[in-house]
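Look for chain A in each of the two complexes below; its partner is chain B in the first and chain C in the second.
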Partner chain A sequence: MAAPMSGGGRLCRLAWRRRAGALHSGAQPAALGREPGKVAETQSGVAPWRAVVGLEVHAQINSNSKIFSGSQVQFTAPPNSLVSFFDASLPGTLPVLNRRCVEAAVMTGLALSCSINKKSLFDRKHYFYADLPAGYQITQQRLPIAVNGNLSYTLYVGAKQSQMVTKNVRIKQIQLEQDSGKSLHNDARSQTFIDLNRAGVGLMEVVMEPDMCCGEEAAAAVRELQLILQTLGSSQAIMAEGQLRVDANVSVRHPGEPYGVRTEVKNINSLRFLARAVDYEIQRQIEELENGGTILNETRAFDYKLGCTIPMRDKEGKQDYRFMPEPNLPPLILYDAKSLPANIDDQQVVNIDWIQERLPDLPSVKRARLVEQYGILPEHSFTLLNEDGLMELFEDVVRKTQMNPKKVIGWVISELLGHLKQYDLTVKESPVNSVSLADLLNLLERGVISSSAAKQVLEELWKGEGKTPLQIVKEKRLELIQNQRELDQICQAVMEGHQEEVMEIKAGNKKVLNKLIGLVQRATQRRADPILVKQILEKKLSQ
Partner chain B sequence: MPSTFSQGNFPLNVESIKHTIDQNPEWQLEEQKPLPQKKVTMELLDHLERLALVDFRNWEGVERLEKAIQFADQLHEVNTEGIEPMDSVLEDRCLYLRGDNITEGNCTKELLQNASQTAEEYFEAPPGNIPLPKLEEHESFLQDSN
Partner chain C sequence: MLRTALREVSTALKEGQVSPTELCQRCLSLIKATKFLNAYITVTEDTALRQAEESEKRYRRGQSLGDLDGIPVAVKDNFSTTGIETTCASNMLKGYIPPYSATVVQKLLDQGAVLIGKTNLDEFAMGSGSTDGIFGPVRNPWSYSKQYREKCGQNSHLENEDSSWLITGGSSGGSAAAVSSFTCFAALGSDTGGSTRNPAAHCGVVGLKPTYGLVSRHGLIPLVNSMDVPGILTRCVDDAATVLGVLAGHDPKDSTTVQDPFNPFKLPSVIDVSKLCIGIPKEYHIPGLSSETLAVWSKAADLFENAGARVIEVSLPHTCYSIVCYHVLCTAEVASNMARFDGLEYGHRSNMDKSTESMYAATRREGFNDVVRGRILSGNYFLLKQNYEKYFIKAQKVRRLIANDFVNVFSSGVDVLLTPTTLRDAVPYVEFIKEDNRTRSAQDDIFTQAANMSGLPAVSIPTALSEKGLPIGLQFVGRAFQELQLLTVAKWFEKQAKFPILQLQEMLDHADALSHQKISLSS
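Let's look at the complex of A and B:
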């Protein structure tokens, strides 16, 4: 499938300007259009800069065993216990390709609208490092398994970050490769320890073209990729566990000029750091160039404590990887419904069409369905999918309550999610589940309690003491007064006790009505439905 | 080095394989032109030593390298225009796909016993990457061997 061609539409809406002292003050660099107050157009008198950001994302494949050997894939385990002879690169061992890894790559390629190469090749990429026992990594440089795809992602823009914009980034290719082991440095004693548990774990490298222009776009694109991978199950993509690693390629230029020299930024292990690292590097390059310096084609590491990028010692000078075909692996051949061979064992055949038919609904499809089915806003659907488990909770509550989904969403996002964020909990850890929330919303919907009373009940439920919403309502006497006569009498009493205010309202100052409503609420200990109270008062006042 | 030839075939008995040699070849080597001698610079030597961790040690080693390059350059004499390169004799074989089962691992002791330095089930490596002498130190060996 052809990817969209490059054009003005993809140029970043931001123009970068150097802000005096921006880097050293430790503050976020200002981009024109986002914080207009901080940067003046004519300040430096230099033409605007545009940043160009490309990403290389490495996603660990979610499989039981490694890509070329039968040892287990697991994040924590005793050092060097998940290592086979092949992983340790002992002589006499050979790679054997894991079928599950091939399927994961095909799934991911299809989800990103790539062309799947029915024939792909494996190569060796040579470099020396203690955590790479063989001295080379098996990868796919010449002919990877998938090429020419596209990833759509969304950003909030505008002064109040309220408008949603959809952007695209082209996927250059997806390749299968091996992960390296882990080195742990003890700088104090000049020791390096090697754990090969991770050596040989399958990786999908997703190469994104330099279609992004700032840290926010990079983070948003990676976030969407993460959601897609998690939906497919091809990778769990948890950045904190190293299952998703991002290297950013950053350069700057004036509009209309050719691409500038780029640097590679590594050691980024969260989405927030990704945005920060990219923005820092852009600002650093702009400053350097405006001061008459040059940018070196180097690799830099992001120091998250200092919030800056620093040159990496071992990567000075251009690397020469001496790529050569992997002699121990024949070409990888994939099939589709048309080319399916007759006499081969099923186990040996990966059928692209079969995989395509079984792809689960991607996040973008799920969001569209939520908007259509429940009438919620696109922004809401984004939030629902962004929090693990929130969509399921929302749909569950909608099923169990009579309340309109458009009202339910407000409770789920503002109230429930708001509380979760406040206490730094995940949806799974929520003390209030869909059943309790549905019960509560039903009480509200039936007019048993007011909206503010419902919020009080939620606070009580949050304590997780196992009480039902109805129990709490009864305990705290939060039920709305249903008796019309009782309400009427209270309103009458309030009116009689505040003749001056009544006079003012009758004279035309309608705002004073709110004061009367407030007094009724106080008299009823907030157990009166304000809408009803207003109706009664207005009726009395007009008599 | 163990001999891979049995007594009967070595030295090579040409008569026994003459019938396999094509008497009417379709192509011939072009007249041998002397190829330009590639001079190996200090920069290239340093680069190669870092890349491949080979120690050229002295002038003799460098000369041998230059001769090896010359020898290999003969490959350029063959006209390969329009021919798809072959990178593996396995190109027509089927790439075997293994099922995603855990069949190996749990041999920490065996793996570590081959290592010279270990510490609590970790391999121990020298800090940073492979330390190599700087360019200046190379010049000294070339001066010495004169």
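Let's look at the complex of A and C:
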């Protein structure tokens, strides 16, 4: 399913054109899926723009304690309550590397098909900022823990967003580093408050090559990364809690020309904003260049209220970080089964092979399995994985019913998920669980109720009154009429009341039969099995 | 009693000849009497007496913690001490009271040692004279010795303002002076380019710089992380081995300490050096070396030769690049390490409140002296992107070459190197300050620095008195983690050298008088 990387540009290239007013109306990508050669021949005859987007994603490592100190990691703790002497950079304190953070990075690297460096190094990156107590951040600039990986992701294209395309982005590297603290500015009192709870929390910086070309692609890639991290448990990757933060490097150029000057949009903390920020920035650069301006190599922030990017004040401007090796941490050495020294304490080493063997199924593998095992459509497998807990619910329902999974998926996605989306609920919050849905589908499957009755039952179940589907069926008298003679009589009565239609059918207009079926349904308050009704009517009509 | 070695006073404590409290009080009196030496920044009288009392209880119960129980020790004021001000002799940390103790300090306390005070140094240990701290210079106790006074013909009263008093060397001058003037039995220094061995040589005491990675740096406020090592200052080699036995070993809080277990050792009493090979590095024979020191060095080589050892000339060809290489690496790490002193979390904070940036600038201008600021400036220059390859990377390569020089020499069969520790004996303060800190540091570290570059253990042994009656020390450099061999050789040599004891009778009498006076006043 994966589209080839190089030369496979047929579907994965976007052509951008300047559009009047785009900056203010919210930029949208231009039409997708054109041949690059054809794009050049536009109405105005001007060469089109191509956007180049690369990402740096900071994922907070899901660990109990910080990367270089024993302080706990917790999002909701009171300010400055999780600060060790090291985190506050008291003089004389030294970093001690947290093994769990190393394992998380190795796991993530393996999941992204990276090669894991058996030896990696730590560096100091210097800049003065109030929430960086040591005046430098410990990171891996020279030799990171993982390099040369790949991430494939899928997005919907086409006029109706109906076509699924799989794309690849190369992973340049994954580096371990410390998070900074938080600054809270009070402009009224012109004061800055510092919270060091986050200072020293372990981060994995995943650097993606500039293989993307629009906001939607960037968002889809990050979404896939997020799912992978959550599957691995290496990061909770909750963007709203700042556990996944994205910096986007954006530039534009004409095809065949070298890369343009890039800007960096920093600290984007939602997928929606990421797509909007990237697309805005692309349009802004195109407009700037077409107006004869130049692009500055600068850092910008996305203002989600205004929907635009704005230059950031100095913090990350043109700075010389004066990188230097971190002298207090020896090189990080990882082992594999082959290189593992004998008689070594397991707690003292990280074994790459051991981690590889225990890697859980990745989202792509899960999707393939779902498609194969249940015969569902690939896009349904994406939906199942995109919603936390939906895959588990689906599989649970399949296990509990005799219904064909291909039919179950319809109920799960159109009915259940549709409803949840409408009311902005998560799967966990759903009033209908797998047990009641399975009960309901079993009633349908056994012919106790019709599918329209099943929908009625579902409506009742959403109320969350704790009734079982069977109770609802009984109360509302929704069972199909099983008594053949009773149905026979109803059909007879309908035929007698509609002689004109009967004549028409007998004259050869079979379509009118459906009208009679509908009338029987109405007479039974839709409690009749339409197939059975059809059989009875046909039999009677042929007599 | 105060003039004995640690091991002897330890025996005296065990035998009940003296009590820990009594010993502590005597040291405290002597500290007061020798206050003009300026060896201490903080004298921790109250806590010391409390610790001595605890120790006394243990002795009474027969539950002594070992050789260090009840022994007064001093710690250089760049080691963090819980609840005790730790200043690095800088305005930046004036009033800073750490909430934790350095591992080495904790290890001393856990063995029952009595922490008597925090000793003076150059600001942030940047210097080779112990003259550049905010609390003023440390005076070398030998300035007031009978030996020196007789030689330079000055018999004036010791407290008279005179211009002849000598520097201690540095930057651990306070610790060296404290051990040398008998106010404690052992002291911690730190050694980045020679800061323990240099003042040890000038003050006539033993100064040991252990192998990098053998002793924890956790809690030592860093100068150059990749070279810093806690140093040990004692009156004899056996004492240094005893203290090393307590301090050495892996520390989970310092990832650069080695994992291998360390077995404390006692040095043999009968030593045979006849099977040893002593290397004499020819590059250490340099123009600035005083003829006296050169003579002492040759005599020492002869001693070994006469005892049957093989003494050979060896070459450490990259020695001459050491100073400039050290300058680049040291300043780069200093620039980085000093970045944390921004006035936000601890230490000095300027009143400037226009902006965070202006507060940083004012805080750092007010907090650091010119030496520190100069090193920060040059270090940042070397780390700039356009200079990094040219200076920092090159210096690292040169460092590797210097380290390899030692590897080559040791793998050729040499067991221990014998070198001078300093170019000459201690100079008077007025002489010393004629040159700036940078020039002085460059000159004075010349024999000691390479051991820090290569991480090797080295020890300075007081060897002889100069014509002026001042100590001259020689240095032994050993193989990595071969402290037992290094100190064994050093102990043999110490025995042959018969270095005279510092004669401070005049000063001690004065101290006694003071303490009696105090007793009579209080009774």
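Criterion: the second predicted complex is superposed on the first by the 498 of 543 C-alpha atoms of A that agree within 3 Å, B and C clash if a C-alpha of one lies under 4 Å from a C-alpha of the other, contacts with A are read in each partner's own complex, and residues count from 1 in each chain.
We take it that a contact is a pair of C-beta atoms (placed from the backbone, for glycine too) under 8 Å apart; a residue touches a chain by one contact, two chains touch by 3 or more.
Values in this document were obtained by computation on a predicted structure and should not be read as measured data.
**Q** After lining both complexes up on chain A, report clash or fit for chain B versus chain C.
**A** Once both complexes are aligned on chain A, chain B and chain C clash.
**Q** Given the touch rule stated above, what does A:Gln356 touch, chain B (first), chain C (second), both, or neither?
**A** After superposition on chain A, A:Gln356 lies in contact with neither partner.
**Q** Could you say whether A:His185 touches chain B, chain C, both of them, or neither, answering first, second, both or neither?
**A** First partner only.
**Q** Between chain B (first) and chain C (second), which, if any, makes contact with A:Gln72: first, second, both or neither?
**A** Once the two structures are laid over each other on A, A:Gln72 reaches chain B alone.
**Q** Between chain B (first) and chain C (second), which does A:Arg99 come into contact with in this model arrangement: first, second, both, or neither?
**A** A:Arg99: touches chain B, not chain C.
**Q** So, A:Pro330: does it touch chain B (first), chain C (second), both, or neither?
**A** both
**Q** Touch test for A:Gln456: chain B only (first), chain C only (second), both, or neither?
**A** In the superposition, A:Gln456 touches no partner, neither chain B nor chain C.
**Q** Just checking: does A:Gln236 make contact with chain B only, chain C only, both, or neither of them? Give me first, second, both or neither.
**A** neither
**Q** Regarding the shared-chain residue A:Ala134, is it in contact with chain B (first), chain C (second), both, or neither?
**A** After superposing on A, A:Ala134 lies in contact with chain C but is clear of chain B.
**Q** Who wins on chain A residues touched, chain B or chain C?
**A** Counting contacted residues of chain A, the larger count belongs to B.
**Q** Is A:Ile194 contacted by the first partner chain B, the second partner chain C, both or neither?
**A** Once the two structures are laid over each other on A, A:Ile194 reaches both partners.
**Q** In the superposed view, which residues of chain A touch chain B and also chain C?
**A** Chain A residues touching both partners: 85, 88, 90, 96-97, 126, 128, 130, 192, 194, 320, 322, 327-330, 348.
**Q** Where on chain A is chain C touching in the complex?
**A** 85, 88-97, 124, 126, 128, 130, 133-136, 192, 194, 320, 322-324, 327-330, 348
**Q** Please name which positions on chain A make contact with chain B in the complex.
**A** Going by the criterion above, the answer is residues 63-65, 69-72, 78-86, 88, 90, 96-102, 121, 126, 128-130, 183-185, 187, 190-196, 313-314, 320, 322, 325, 327-333, 344, 347-348, 350.
**Q** Given the complex with chain A, which residues does chain B contribute to the contact?
**A** Listed in rising order, the residues of chain B that touch chain A are 47, 51, 53, 87-88, 90-108, 111-112, 114, 119-130.
**Q** Per the contact definition, I'd like the list of chain C residues that touch chain A in the complex.
**A** 79-80, 88, 93, 98-100, 102, 217-222, 224-226, 252-256, 259, 332-333, 335-336, 338-342, 344-346, 356-357, 360, 380, 383-385, 388, 392
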